[in-house]
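Common to both upcoming complexes is chain A, partnered first by chain B, then by chain C.
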Partner chain A sequence: MTLYSIYIFNRYGDNIFYKEWNRTTAPQEGEAGLVAGFIYTLQHFSSQLSSSGEGGFYAVRTPLYKLHYNETMTGYRVALLSDKDLKTDVVQNILRKMFSDVFQRYVTKDPNYSHTQGRVITSTAFGEALDQFFHSQKIL
Partner chain B sequence: MTVHLLWIINQSGQLIAKSSFTAQNSIGELGAKPDLQLTMSSILFSTFGMSQELTPNANPVDSAGMTLLEFAEHNVHIYETPSLVKFVLVSDHHTYECNALFRQLHSLYVEYVVKNPFNIIDEGGIGQPIRIPAFTEAVKEAVDKYHSHTQQPAVKR
Partner chain C sequence: MSQQRQVAAKLGEVAFDSGEKASAEFFAITYGALVQQMITDLPQADDVEVVNQQLDTMGRRIGSRLVEEYSARSGAPACRTFAQAADAVAIVGIKMFLNVNATVQPAEESGGDTFTLTFADNPLALFVELPEGPVRQRLWYSNVICGVIVGALSMVGFIAEATFVRDTLRGDATNEILLSFKGREKETFKVEQ
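For the complex of A and B:
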């Protein structure tokens, strides 16, 4: 299993967290904005195909990598780029758990973090906890 | 396998063919408003380019354009030919692979469209829709073969 990078966006579309592990291609200028637009477009496409109108976008597979997506009802979105063989349903569960365990503990309960527009996660504890979490889930 | 919708998008990002194979309400808003498919196919074309740009492990040999979108109710499959024509299939969410169908559709495209001397590729730079009834019939025939008998019968449009 290989993870390349992770982006977390808030409901304003700001990239509040970015981390990379094994990527071999350097990030380009403005890539976070491109990822934000990419996942927004696909989420919208999914809702237009859906009978319920709510959609539900899980993953994009390409010959070289796979992008996994999950979002909370409060509007936090995560895009996780991994190697192409990581199972979608496995990662969906992991990302849900990431929000309810790691994100909740180290970001939501952090008194120094305010959930306002443009506010980036500066705490190093969240990044370290995320690494440990992914290691414990055996995908890193 | 259930196939709901086929799009063929040319190298400029224009929708040159679309066929529905199931009831209109099986693809939500795109079924209710067919004109929306023109917009969404262009957006899908741009998104395909974005997926190539976002590659974290690029290599010069392989293209990294997206091949499968996994949604709650549907999977969207994308096949790009070497001449950059894209075939897009919207299927049920249990279908993860339809390469055989894509190769067959590509063959039909070559036989009925590319080899047709009366088919106009573009007019003043604007891609023209495929208006070849034999091609449309051949596509429906090919897709019907892949509609599994174990599924409840799909309502043909």
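For the complex of A and C:
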């Protein structure tokens, strides 16, 4: 299993957190905005194309990599890029736990963080806790 | 109680049980010290409405964070309608954070966009007596709860107003909050072109 990178966006589309592990290409200018647009658009495609009118976007797979998606009730969205064989249901559970455990403990409950436009995660504790969490879930 | 509400009540109970507990007395006394300080700091002793506003503002900031914990711990689904949101606030949220059983019903002649939340016990009001005069007449002692509700709902897309209409500290038989739907938050996620 290989993780390449992770983006977390707030409800305004701000990229509040980015981290990379085994990424082989250099980050490009403005790519966080493109990833934000990509996941947002796919999520809306999913709603509009579904027969029930309900949405649901979990992952998209390419020959070289896979992008996993999850979101919170309050509009935080995560895009996790991994090797193409990482199972969707495994990662869905992990991302849900990431939001309810790690994100809640190190971001929501951090008095230096607030749910406002333009506010990014500055604490290093979240990044470290995220690494530990992914290690404990055996995907890193 | 409908089956849906029974499920919601169970979610509230389980969420309360699973959370870290703090002493109710400590919580009540801390809150009491805060309110007392606000009243003492009033430039004009009569301006009790200022304290109501400060408690509401503080509550909104608290609510915008509490809703993350609500979502994480209760496992309750996202609400599609304001009626569902009112149920979730009263039956899950208030139970989860205050361990209080609240009831919710549509306010009379509201056309479905206003709800009355009623609860008999108020853990914030433990040991509290309000002095006669403007404080007793105009202070909504637990107004932070209204702010929390409004702040939490705004994070999940509902613009709402919450106001106390009855308070046992003022001599009413029960505590009542009027919760009104004011609109939906606009989609704020910006996508580059």
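The criterion applied here is as follows: the second predicted complex is superposed on the first by the 138 of 140 C-alpha atoms of A that agree within 3 Å, B and C clash if a C-alpha of one lies under 4 Å from a C-alpha of the other, contacts with A are read in each partner's own complex, and residues count from 1 in each chain.
We adopt the following convention: contacts are C-beta pairs under 8 Å (C-beta built on N, C-alpha and C of every residue); 3 or more make two chains touch, one makes a residue touch a chain.
What you see is a predicted model; the values in this text were computed from it and never measured.
After alignment on the shared chain A, the placement of chain B and chain C results in a side-by-side fit free of clashes.
Note on the composite model: angle chain B-chain A-chain C, taken at the C-alpha centres, equals 120°, rounded to the nearest 10. Of the two partner chains, chain C is the only one that A:73 touches; chain B does not reach it.
In the superposed pair of complexes, A:15 makes contact with neither chain B nor chain C. Of the two partner chains placed by the overlay, only chain B lies in contact with A:4; chain C stays clear of it. Contacts of A:25 after superposition: chain B is touched, whereas chain C is not reached. In the superposition on chain A, contact is made by A:36 with chain C only, not with chain B.
Legend: residue contacts after superposition of the two complexes on their common chain; A:48 is shown touching chain B, with no touch to chain C. Taking chain A as the reference, the larger set of touched residues comes from B, when chain B and chain C are compared. For the pair chain B and chain C, the least inter-chain C-alpha distance in the overlaid model is 12 Å.
In the superposition on chain A, the residues of chain A contacted by chain B and by chain C overlap at 34, 37, 41. Those residues of chain B whose C-beta lies close enough to touch chain A in the complex are 25-30, 36, 40, 43-44, 46-47, 50-59, 62-74, 76, 90. The touching residues of chain A, when paired with chain B in their complex, are 4-5, 20, 22-25, 28, 31, 34-35, 37-38, 41-42, 45-65, 67, 81, 83, 88.
If you check the complex, the residues on chain C that touch chain A are 61, 64-65, 67-69, 71-73, 78, 155-156, 188-192. By the touch criterion stated above, chain A contacts chain C in their complex at residues 9, 11-13, 30, 33-34, 36-37, 40-41, 72-75, 77, 99-101, 103-104, 108-109, 114-115, 117.
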